[in-house]
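Before anything else, here is the set of structures, which you'll find just below.
Both complexes shown next keep chain A, but they swap its partner, so chain B is in the first and chain C is in the second.
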Partner chain A sequence: MTVKISIASDFSRHPAGRVIADGPFSGESFRKKFLEPPIKNDKHITIDLDGTRGYGSSFLEEAFGGLIREGFLPERVKELITFKASDQSLIQEILEYIDDAGK
Partner chain B sequence: MPESNCTSLNWGQIVTWVLVIIGWGIINRQHNIREDRKETRASIDRVKSYSYELETASIKAHMSNEITSDDATCINWKIKKLIDEIEYAALLSNEERNAHAKMLRRSITLSNLDPSSHCAVSEQDKIIRDTRTAIDDLVSAIEKTFRGRYPLAK
Partner chain C sequence: MKRVTYESRLRNRRIVAKRARKKAKVNHRSGYVARVKRYILEAPKIFCAYNDKARCELLDFLAKLRNQVRAGGRTLIDFSNTTKMNAGGVILFKAEVDRLIRHFGIKSSIRCKAPKSAKVKQVLQKVGVFDALKFPSNIVPKHSDVVHWNCAHGTMADGEKYEDVLGGYDGTIAQAVHSELYKGITEAMANSVHHAYIGMRKDGLQLKEEANDWWMFSQEREGKLNVVFYDVGIGIPESLPRTRPSLWEVMQRFRFTKKDSEIIKFAAGAGKSRTEKKYRGKGLPQIVSTIHKIKGSNLIVMSNRGALVLNNGEKKSIDYKKSIYGTLIMWEVPLSPNEVK
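After this line comes the complex of A and B, so read on.
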């Protein structure tokens, strides 16, 4: 079973900030609410990155690189998550954060 | 003989029409190139305007004593608007565009733009230098593409 997440529709059109103290739509908040539960249950996730008014790198790094710091393996995370974005640079950047956090 | 005159006249007309069509084709092509160049130049000017606006807002945010999540959201939006404009106008190859987009986002928004960890930095700080470099590199790449596409453009 695949969990489908649209960040713009399901989370916020204005995702910003690294940790919860930065605001309600931070990377940490997104990770805890939308990423960690399905990954813990080995569920595949499709994430649609389109429709927001931009992303900050700190949001992306904390949401996805943060998964590795929480103990998930980079290869497993990349297997379980599929990204969809008209701006391919976002996907490249996220994959780099996952790899960097695993080093 | 009259038949020959008639044939000669027809050939003359044909040559005239061929020349007219070729001339029209050349002028039309040059006109299209000029229009295309004008549109591309307008897009580049928009990208440069967005870039300098982003540079000013980013440096101001990083050097200020306090920032809010709204400031960060606004800068994220400016980056997105700039990247989208580059894509719509096809000013760079996908590979170049992605590289510049990542560099811009990282240099400006990876650190120090979140309220909980923000501190005012000086003009000489690495974040400010990286921001200026990212903007300069982007503008240079776009101008270089323009000069490559329209070699005679000034």
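After this line comes the complex of A and C, so read on.
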């Protein structure tokens, strides 16, 4: 079973900041709410990145790189998550954060 | 006890009023009646953060304002001679006033005398200076340069605040430009929350900040949109040695410098260097990188005495005489829906 997440409609059109204390829609809060539960249950996730105002590096790094620091393996994370975005450089950036966090 | 008659009560009232009138000081030229003595502080002619001379005058004025409020005196800011204001200059002033009022409360007692220039009056109304200084005004900004000024203030990395300033530009600037500006602005907010307020601002007031305040203004000028972001923190040259000691060590070893502009330049280009937490420290480099994707855009990162200017792809460092005591970032993007590289 695949879990479908649209960041803009399910989380916020205005993702920003790294940790929960930074602001209402931070990378940490997205990770804890939307990424960790399905990954723990080995569920596939499709994430639609379109529709938001944009993404700062601190949000993306904490949301996806943070998964690796939480103990998930980079290869497993990349296997379970499929990204959908009109800007392909965004997907590349996220994959770099996942790889860098695993080093 | 002798009963006070109605007539004697009226007579006493007249005496009290006469004494009060005698005590009041009237400036017959301006018509200003000062029952309580106020220190009159003349505002500079130009509010600008970039031009060295104008910036010096503005920063001297802000230093005098801080000293006066700290001394506990009542201050009257006289805007009579102010003729020009740009977003950078106004944001420095507004942030200082908000901060002084928050820390000193009612004791700060800053009031103002309106400018002669109708345009300056409208700017002060639009950015909330008149409200902050309790200046009664019903001015409606109408000037074409002023109606497009927008402002926001916050204490967190709150992306929704972006809409307060730039939400009205959908269709006027490209979606990809929005996306780049959003990235840069939210990173500036996150930097302000994480790094700006980790120490005492060296402005002589010795105030402990309780919130991670930032201010953001936008202004349309000559077919371009200027977005200015400012925090009144300790500045990059002060925060870098504390937040990224290993980077600071490298800098000391290879490129020792005490110039603020060089420190900003180094921090802006050092996103992938070794840091205490290697996944952090990408904020400033990303702020700088936003303009690489927007054709015809410029950026200024100003912190304390230094500045890094990126103009048409060229980098330039500037060192000023005086410190802005904080970090100011200005993006300038063309107002055209297709200006993306």
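The rule is simple: the second predicted complex is superposed on the first by the 103 of 103 C-alpha atoms of A that agree within 3 Å, B and C clash if a C-alpha of one lies under 4 Å from a C-alpha of the other, contacts with A are read in each partner's own complex, and residues count from 1 in each chain.
Convention: a contact is a pair of C-beta atoms (placed from the backbone, for glycine too) under 8 Å apart; a residue touches a chain by one contact, two chains touch by 3 or more.
Note that the coordinates shown come from a computational prediction; the quantities given were computed from them, not determined experimentally.
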- Task: After aligning the two structures on chain A, examine chain B and chain C and state clash or fit.
- Result: clash
- Message: Just to be sure I read the superposition right, which of the two partners does A:D100 touch: chain B = first, chain C = second, or both, or neither?
- Response: second
- Tell me which partner A:Q92 touches in the superposition: chain B (first), chain C (second), both or neither. first
- Query: Looking at the overlay, does A:G17 come into contact with chain B only (first), chain C only (second), both, or neither?
  - Reply: both
- Task: State whether A:G65 touches chain B only (first), chain C only (second), both chains, or neither.
- Result: second
- Could you look at A:H44 and tell me whether it touches chain B, chain C, both or neither (first, second, both, neither)? neither
- So, does A:K32 touch the first partner chain B, the second partner chain C, both, or neither? neither
- Message: Looking at A:G56 after the superposition, I want to know if it touches chain B, chain C, both of them or none. Which is it: first, second, both, neither?
- Response: both
- Touching both chain B and chain C, residues of chain A: 14, 16-18, 21-23, 26, 53-59, 61, 87
- Query: In the complex of these two chains, what residues of chain C are touching chain A?
  - Reply: 156-160, 162-163, 176, 178-183, 186-187, 189-190, 193-194, 278-280, 282-283, 286
- Message: So in the complex, the part of chain A that touches chain B is made up of which residues?
- Response: 14, 16-19, 21-23, 26, 52-59, 61, 87-89, 92-93, 96
- Message: Using the touch definition from the top, list the residues of chain B that touch chain A in their complex.
- Response: 69, 72-73, 75-81, 83-84, 87, 94, 97-99, 101-102, 105-106, 108-111, 113-117
- Mind listing the chain A positions that touch chain C in their complex? 12-18, 21-26, 53-59, 61, 65, 69, 87, 97, 100-101
